[in-house]
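Chain lettering (A, B, C, D, E and F) follows the sequence in which the chains are written, and residue indices restart at 1 in each chain.
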Amino acid sequence: MKVNGFACKAGAVTSDDFYFKGLAVAGNSSATPYGSVVTAANVVQVPGLNTLGVSLSRIDYAPGGVNPPHTHPRATEMIFVLQGTLDVGFVTAAGNRLVAKTLAAGDVFVFPRGLVHFQRNAGDAPAAVVAAFNSQLPGTQSLAAAVFAAEPEVPDAVLTKAFQVGTTEVEKIKSRLAPKKS
Amino acid sequence: MKVNGFACKAGAVTSDDFYFKGLAVAGNSSATPYGSVVTAANVVQVPGLNTLGVSLSRIDYAPGGVNPPHTHPRATEMIFVLQGTLDVGFVTAAGNRLVAKTLAAGDVFVFPRGLVHFQRNAGDAPAAVVAAFNSQLPGTQSLAAAVFAAEPEVPDAVLTKAFQVGTTEVEKIKSRLAPKKS
Amino acid sequence: MKVNGFACKAGAVTSDDFYFKGLAVAGNSSATPYGSVVTAANVVQVPGLNTLGVSLSRIDYAPGGVNPPHTHPRATEMIFVLQGTLDVGFVTAAGNRLVAKTLAAGDVFVFPRGLVHFQRNAGDAPAAVVAAFNSQLPGTQSLAAAVFAAEPEVPDAVLTKAFQVGTTEVEKIKSRLAPKKS
Amino acid sequence: MKVNGFACKAGAVTSDDFYFKGLAVAGNSSATPYGSVVTAANVVQVPGLNTLGVSLSRIDYAPGGVNPPHTHPRATEMIFVLQGTLDVGFVTAAGNRLVAKTLAAGDVFVFPRGLVHFQRNAGDAPAAVVAAFNSQLPGTQSLAAAVFAAEPEVPDAVLTKAFQVGTTEVEKIKSRLAPKKS
Amino acid sequence: MKVNGFACKAGAVTSDDFYFKGLAVAGNSSATPYGSVVTAANVVQVPGLNTLGVSLSRIDYAPGGVNPPHTHPRATEMIFVLQGTLDVGFVTAAGNRLVAKTLAAGDVFVFPRGLVHFQRNAGDAPAAVVAAFNSQLPGTQSLAAAVFAAEPEVPDAVLTKAFQVGTTEVEKIKSRLAPKKS
Amino acid sequence: MKVNGFACKAGAVTSDDFYFKGLAVAGNSSATPYGSVVTAANVVQVPGLNTLGVSLSRIDYAPGGVNPPHTHPRATEMIFVLQGTLDVGFVTAAGNRLVAKTLAAGDVFVFPRGLVHFQRNAGDAPAAVVAAFNSQLPGTQSLAAAVFAAEPEVPDAVLTKAFQVGTTEVEKIKSRLAPKKS
């Protein structure tokens, strides 16, 4: 049986339904153009989370690596820094105010529900956080990719207005962010 | 007394607490660089909405005008086209897929909670919509402004990684979107 | 797969799942004894609304037409007047106070969750509104019909007490509101 | 301090904040024209209920007494019959179907959120129920009174359309249900 | 079709889906070692409760009988005393303060969501309550049994620390509460 | 202004409202009789969490240390092991089934909303976790203390029934868990 779109195991659950070891090892942050990588532990990986309203992720950052500006449509995020030094921030909806902080290992910071936020490894060593969400499947929308790498494309006529630049700049960003064709 | 951060008038309400005439007239869409303007009818303008979980806006678009890519952190949006022709779309969180449509007067379209979406007047005449939200104060975050016009600034080191371009392009967009100084 | 009792299409959605053109044309308000007609755009007509918590309706009124007193069990309603002049009102639960207003084109008004409300076309021309609800399926219960036209019938012994009149009046209303037999 | 519009006592609560003895004695069901009377135990009488989402009422019925058709805007109701025999029912929103049952002492019955429902003492002895609600303040809207005894009045032009009778019948019901003037 | 893990009958409901007579007769309180017995009327017994967020139970107590300390993971409970005299109480999460009261027939008392609570028949005659919950399936966790009679067992190393006694006492309680083997 | 019982700073927030460094250092797990200590980062320590529905804690365990069986009345918990080896488990409400696992550094485990759970340092070195909750103030009720160390005391007549032992054992546990008098 399905509940909420995911399996409902009821009495048939085992402890493995509530367990995941995939956050134990650092993700390969050099495998992305951003120098960061997210490993999720949500209802997809941890079936026992179904209907329970919480999940975790691990994010690893190479030196200089960036988790680019993004939103979670369905959750607030609260991070705990496992190691390294991070510049983090979110932008308020009213007034575009940047609320930012430099974090050290053991620090926590909150990114309110739905707001644009980012992290950047400001140190010379790898950095990592554990991120908590109040959703079993928070969703993530990376903004540059959503706007410049969508398929089909968001029309240039929208983007030149939005960013107040010409098609040259828009096309340049689109080409840089375009999904790789095989 | 305050409830939920807004006035709780209880027995002292009048019909004016549930009424607003500010959506009757088209906003001045030429007053913005985007060619569009939003007029809100949420709990700030309509005090009777407090705790009731719904609100409306009117959006007017000059020919070619764009409501640039943005999100509502706390609401799904559903629009009804009052007049004109609009190209609209949202981008999915999983896979950056653009879900788009061209709308005529009387059409409705849904922008799911928290996802990036936009509208563009694709015609030669003014266009307008009424937008419904399932929040008394949905919030709006315009993405280009949040990322490139925040104060303090989002660091270039974050934005060059996110958009995969150099500081030249980043600084150019920042200068175009910068809040006007008096 | 079903979620919430409706289809969950996940990655298979198309833009048509979020689109509906059925509100573009005025309903036939003369086809009902009330002189008004409601056209819905909820999760039944717009499958993409599933789990998103909002919907719209269009209501058309002939001159003198009435949307009779009714409730929405699961939603607050907020209307925008497309055309015409309407007398609208809701009754408070505490004290049976009528909160009423005469609306012109472009005005908005709020009917709080679950409360009895009505609209009447107070002008000589057709009127219409777009109504927003904070539910994907708000439900509607027309009170005169619920009480006097239910099948099986609500007992006269209940209705004579409730309305403090005799069976003559109750039977008369029942006969007027009875579902038409073929 | 107030939370949710009611006192937040936090550490200063006593057991009396969670206690009420007002349901122990039958209300005076002959004091109303309906032959029934409701005694509430919600957040107004039991301050400790604030934010907890549940409440109770006791309803007493004289022989033949009726709790006239009404709705609770914010709650489902589930009754337990303390004594007597009751005819109860609710009307569905889709199709005006009456879902009815005759109840004896110890029986339970459910009235779904927001739907019109009623009870009638079908026996020769007093009857009583305990009613549970999933709201600390469910609200009650008695439909005949809301429609025919509101102040200011719901216009006859609305009521004659809604009930499909003339002003004679409408004015008659209004006069019977009118709040008593002193 | 299933909604929420239970049947969704929609238009096929009958009045029996909203009805239950199983609370009419006292449960056999002498059949348990505690001298109390709970009879439930939740979504399992009353299918019409699905999605409606409320349920009832009846609890019967022999003289001296105890409903041992327990929690409801998903609901606040509010009781109405049908007969007898009860000592009741709950313990606050902050500070382990006992909030207690002696109740007589007709009294009501509230046990806030998730907190440890108990009832004890303090009289010489049988006692009984009707209990209301703001969940269609509140769940019950009896604490002594959860801790000392779980299968597999909670390790002695946990319990000796928790209760600050030796394995002798822990094993004694485990043996007394162990599920009976056939 | 207060919202939800806590300060609402609105536009006056600073980044320190969303930041906390108190989880960076291990708590003194030898200062408690259990060999474990919890350090909270909820709305009390992090004012910016107000209305956002998430919080964190850090738990440190000496070798052999136990976080004794407890519940969170308002939240599911999901832990990430920072260091060490832990035996963890929760008990289901239906059937008292122990769902247990031995965790190593980097593992995650879920304790569903409201259910009894515990952790024990099964290794020879200190252990620590970060715990995420889907509540800004989840609350914690330690069961042995709630039942045996409440003030005023839970009556022996309740506890001897609940644990099926005599007053000797009950009084012994009470004396061991009693709050220290100065």
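FYI, a contact is a pair of C-beta atoms (placed from the backbone, for glycine too) under 8 Å apart; a residue touches a chain by one contact, two chains touch by 3 or more.
Bear in mind the structure is a predicted one, so any value in this text is a computation, not a measurement.
*Asks:* Would you kindly count the fewest steps from chain B to chain E, each step being a jump to a chain that touches the current one?
*Replies:* Tracing touching chains, the least step count from chain B to chain E comes to 2.
*Asks:* Using mean CA coordinates as chain centres, what's the gap between chain A and chain C in Å?
*Replies:* Between these chains, centre-to-centre, one finds 42 Å.
*Asks:* Can you tell me which residues of chain C touch two or more of the remaining chains?
*Replies:* Within chain C, the residues that touch at least two other chains are 2, 89, 94, 100, 112-113.
*Asks:* Is the way these chains touch best called a line, a ring, a star, complete, or other?
*Replies:* Contact pattern: none of line, ring, star or complete.
*Asks:* Among the chains present, which pairs are found to touch?
*Replies:* Going through each pair of chains, those in contact are A-B, A-C, A-E, A-F, B-C, B-D, B-F, C-D, C-E, D-E, D-F, E-F.
*Asks:* Given the complex with chain D, which residues does chain E contribute to the contact?
*Replies:* 11, 13-16, 18-21, 23-25, 41, 46, 48-49, 52-56, 58, 75-78, 80, 82, 89-90, 94-95, 99-101, 103-113, 130, 132-134
*Asks:* Per the contact definition, I'd like the list of chain A residues that touch chain C in the complex.
*Replies:* 2, 4-5
*Asks:* What residues of chain C sit close enough to touch chain A in their complex?
*Replies:* Result: residues 1-3, 8, 10 of chain C touch chain A.
*Asks:* Where on chain D does chain C make contact in their complex?
*Replies:* 33-35, 64-66, 68-69, 71-74, 87, 89, 91, 93-94, 96-98, 100, 112-116, 118, 120, 139-155, 157-159, 161-165, 169, 172-173, 176-177, 179
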